[in-house]
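You will see chain A twice below: alongside chain B first, and alongside chain C after that.
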Partner chain A sequence: MVGGYAPATLEKALRIRAEETVVPYAGGTDLMVQNRKNVEYLFLNKIAELKQIKVDKDYIHIGALVTFTQAINDDKVPQIMKDAISKIAAPAIRNAGTFGGNLGNGSDKADSVLIEFAVDAKVRLMSLKGERIVNVEDFCITRRKIDLKDDELIVEVLLPNKPYKNYIYQKVGGRNSLAISHVAFAGLFEEKDGKIQEFSAAFIADAGRFLRFKDIEQTLIGKSKKEAKNLKDKVIKAYSDKIVLTAGRVSAEYRKTVSLNLLRDFLTWFGV
Partner chain B sequence: MDNISKSVRKKDHEPKISGESIYVGDYQCAKDGSAILTGKILHSKIARARVLSVEVPDLPKGYFYVNAADVPGENKVNIVLDDTPVYCKDTVEYIGEPIGMVVGPDKEEVERILSQIKVEFEELEPQLDVRSSQKVFFDYEFSHGDIEKAFKEADKIYEEEFETGYQEQAYIEPQGMMAEPEKDGKMYVHGSMQCAYYVHGAIMRVLGCKPDEIHVFQDVTGGGFGGKEAFPSVLGSQVAVAAYKAKAPVRCVFDRREDMEYTSKRHPSICRYKAAIKNGKVTALDCDIVFNAGAYSTLSAVVLQRGIIAAPGVYNIPNIHVHGKAVKTNTSPCGAYRGFGAPQTFFAIEMMMDHIAQDLGVDTLEFKEAHLVKQGDMTSTCGKYHFPVPLPDMINEIDKVCDFRRKHKEYAAPQSGRYRKGIGMSLVFHGAGFTGSGERDIIKAVAKLRKYKDGSVEILASNGEIGQGVRTTFPKIVANELNLPFDKVYYNHPDTERVPDSGPTVASRSLMIVGELLRRAAIKLRSVWIDGKEQEVEEHFKEPDFMIPFYIDKFQGDAYPTYAWSVNAIEVELDTLTGVSKILGAYGSFDVGTPIDYNIVLGQMEGGFLQGIGYSSIEKMDYDSKGRIRNNSFTDYLVPTTKDVPNMVAMLHVEKYPNGPYGAKGAGELPLVGAPGAYVEAVEQALGGAKIHPLSHVPFTPDDTIAQLNRHREEI
Partner chain C sequence: MYAIKFILNGEQTEYTGNAGDRLLDVLRDTYSLKSVKCGCKEGECGACAVLIDNTLINSCCVAMGAVDEKSIVTMEGFKKTPQFKVLSDAMADFSAVQCGFCIPGMILASHATLLLNPHPSEDEIREGLSGNICRCTGYNAIVKAVKKASEEGDGLW
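This part shows the complex of A and B:
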């Protein structure tokens, strides 16, 4: 039997979450497929405060129950995120699927989460005891493992509020719709006064987790493009050494080659 | 367009769209109102083993365990041969083989019991490698001309091997069958199927009963594509034995994983082709073809026959030798899938011709055109192409719609940059109807028309509606001949108690063969028509006079009365960074004779073409070192969506067949057959051509493209 709660406020939802054993239901596009037996769901879709997109000085706040369709149609959401979420599944699933669900599902191939990795997003969590704000890379531990306590709910995603002018996003799935990413790449690049100010590269590669190597990124920060160019092969080699993949739906050789191809293309695109 | 081709609303449109149609899984109770027991199969988890013991827990009242010991007749499911057991004998031969069935009122309790059954196996070494398999189910050979002389005199000899993989039918409705013991002692079996009389014949043997002691009804069926040609005979036998034991209705509907892993799929193949060239033309072809049949022979004989007959493709090659084998491996038995052995060999010959042309430095299309068969030419089996071969016109039609010749030459020049383009073309036929003398000697189709007092006419035939439209096209033909309104003629799903055996729903035969029987029956009825009287007329199949008799032992004669033809072009843009080949356009000209309903035929052409593109590009399925198929869900086995081929152009070229109704010939399978050749040629051209990247297998995935590029990178 499937039972459930459909609270209208976050406070009520947090109380149920604290008192009962429930599975948070934030769109259900995966949960419906899983069709688990004997579970009680906590339906979050009636909670208006989780469906808002707001901007303040530091962050773009995307509520956990904001659907991908809603975000695609909202001017406050940066284009890099729109590029990624508009390639999720198909319209019907984008109408139901949410940011909180994509995170809470714990997949290492969640398209919105890749962007959150690339932009150093944070996740705001709440329980009756209070709130925690954690970095997305700390929240997503490995496949199916997230830093969410039994009494907590994901409340919103915080994207740093900045222009996101220079970026590249590429998704490679098994087909053009309803496809899980075999490889996806998100990269950010900013230059100031002839020096690289920001360089970020995040990958989905069926690696058990999202891949981003900040130590390698640091080797290019502060460098001129010319200096970076000289380092290019070394940087790609460093990624190559770090991207260690095991067997998956498509071959490890494929995923690694494509990841490195997209990285090289990204660097070339921005003149490195 | 002929009047008969004008589209009507399909008879099954309304109930299917509204959700009123009852599929086998939808019944709430049996026909007599009694509760339906759920059956779940105990599948082998090991590819090859002796079954030492099966320990079944104590069963609650009303629950049963059914196995081979419960089979009242013979523990053999008749398909072509009788080697498939209803439930396993002493050994299991593949992962998934049914050992028994647990039956009972509550599905969850049935599953609980199933999970507690302990099977003790003595594992045996499975045969998983096709190449080293010594167990040959079927072995055929034929030749004409003087192959040795041609190879001796050749300027050049080419030899190459081609491989194709599994393909899963991926019908929307999985396999499902139900059996109900009736009060008068008859067994009533119904479910999702293509061939009611195949199921009828198989279950008679299994129950050891007379023809009139059972009857089989085709429920509304959610797609077949060949996958429901033979398998329902197996599952139908299993539920019939279970219902016989339980003395109650039993239904077994597969879940998707069971269906994808354990039911029949397209045969993987290895084709080794050797060609002799003299003065720039292929003078001889030697083909060695191996199909992976899986653990039991099922339909492999006939799939292989169709495959090897098509071995030289649409080309007139004076000297040929073809050797085909279907070999056993300890894997799920393969079976029928739209195209039935032909997509495998057409892929081989199309790529072979393509590679030879490129090596000779001539345009691949021009090379193919120089070898095309034409009316009056001899077929691979010394039969005759009795009717015009419209390929040259169809090539021009395709060229016009996609500028093939210009693009093909342009893309052959060296390309650079991230994105590269390629275009490929394949030329194929599909022999219409059963292979050889099957229609005359085995099927002997009979069809009837029954006119009621109110002037309405019912069609009595055994061909099942599986989405291809026979419930609509048959009545169109009959209404047309009788000059009746379309709604006065109807065709229900067949029940073997009510309808004659007009043969199975296979081989692109229903419309051409049975449709023509019905047309003749309608003419007969018209001539004896008396208002207000109930009347019945019957027609029997007659082989057309022009046929050169076919001898299966020698593979000689007309394998088919006529052929459906297709020309397919596919244009791709290959991303060298990701290996993904985006399909810029897929263009098909299809000659299936007169379309009996334009929309239905066009739907068939588009759907089949897309299935073929899936087979060529992304539909990858394989078994691991234990013989287990891992791609058993729609997450791990992708079929294409409309977004993968947004620009598809399907056109009809009509070359009428005088012995089909109003000129119609076989349609269902044709559109799938040519896709692999066209797709892989296109990808190969985008990669820089066969001299650098000779491609030789399907599916050819982005993974394969990147592997090719990596290999080449290492070489240079």
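This part shows the complex of A and C:
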């Protein structure tokens, strides 16, 4: 075709990616709005191997070309992810938008990526030279900056394979079907033998990056709920000190207040 | 260089223009399919919605290279189906159309909703149409029409 490539296999796509100057194209919902001029697209939508959702002992593998609609309808995808992606825009966008595109766009408001932050997901990248598996927090550097080399493609997202029983997901936006998150929150909580075993809290707050502070999380791990309760105000204060926001589309003060409210609700919900 | 080959409203079609061209523009300008409306070019209004392989997609968010080997249906093609007749009659019964600008997208979104769920609740209809903006009707008549179509067209979806 004139002005683009539409390979049917990943291997061919990687070859084109290595040899030509091309922009990877998945669902097009970000790219076509950006309306870039004079680019050649590498259309990935014929590559069946990128559209698979698989589970093994350690990970739930979500292919880069899996659309949000496909994932919502797949039993292998955990509910915490479904909660987040079913709030993305409206059906026509969810039918086209993909996991790889959500990552590749480099937005700090990408809803599936927030969940990937909260659950310590990894991203599998490939080039002709081989593959790299990177932690999602290392892949998303800052807004519009991702750790993707010019010859690489995003191949899949790896979510740790576990039950995700106790979690909270909240999105605060404008009109539902258009809402890019103003603030969103994803939190995981697990208790074992009366002690907090897992505590993870990730935020979208228009901060230029996704926010997650593992050092604060650590202060609650191993504590009983009662001990955690005594630390609650201190913990929220620690988040308040770390969440430094500047002007964005909605006021920084509003975003910070909402973020801290969601955190407090999360702790309260799980009895802390 | 090979052409982009796809089925457009049932007919095998070849596009020899640039793979980066926007499907919305090509449908309107090259194939004169004027039911496909341009409301925003940002994926937000649904006026440009078409069916690609029976899935609702906003054509403003699609480059031509992505439709190679796909099947596209616009209102011009959908008009010939029995499902259209049921939806159209139901819309008329509730006077659900005012200026009409949103309606091609709205009808295709209604059809896509019913394809997935032939007997949707009111909430499910509203969710199915949530990407289609209408400036005239206030939506209620449209939602009622889709509900009626789901009853009248029993077995079609």
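The rule we apply is simple: the second predicted complex is superposed on the first by the 270 of 272 C-alpha atoms of A that agree within 3 Å, B and C clash if a C-alpha of one lies under 4 Å from a C-alpha of the other, contacts with A are read in each partner's own complex, and residues count from 1 in each chain.
The rule we apply is simple: a contact is a pair of C-beta atoms (placed from the backbone, for glycine too) under 8 Å apart; a residue touches a chain by one contact, two chains touch by 3 or more.
Everything numeric in this text was worked out from a predicted model, so none of it was measured.
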| item | value |
| --- | --- |
| Touch count on chain A, higher of chain B and chain C | C |
| Contacts of A:93 with chain B and chain C, given as first, second, both or neither | second |
| First (chain B), second (chain C), both or neither touched by A:3 | second |
| Chain B versus chain C as contact partner of A:172, first or second or both or neither | first |
| First, second, both or neither for A:123, with chain B first and chain C second | neither |
| A:202 touches, of chain B and chain C: first, second, both or neither? | neither |
| Which superposed partner A:43 touches (first chain B, second chain C, both, neither) | second |
| First, second, both or neither for A:243, with chain B first and chain C second | neither |
| Chain B versus chain C as contact partner of A:31, first or second or both or neither | second |
| Chain A positions touched by chain B in one structure and by chain C in the second | 90, 176-178 |
| In the complex with chain C, residue positions of chain A that touch it | 1-6, 25, 27-29, 31-33, 35, 39-41, 43, 45-46, 69, 89-93, 95-96, 176-178 |
| Contact set on chain A toward chain B in their complex | 90, 170, 172, 174-180, 182-183, 249-251, 253-254, 257-258, 261-262, 265 |
| Residues of chain B that touch chain A when the two form their complex | 418, 576-580, 618, 635-636, 638, 640-641, 643-644, 701-703, 706-707, 710 |
| Touching residues on chain C, where the partner in the complex is chain A | 1-4, 16-20, 22, 41-44, 46, 49, 55-58, 60-66, 68-69, 109, 112-113, 127-128, 130-132 |
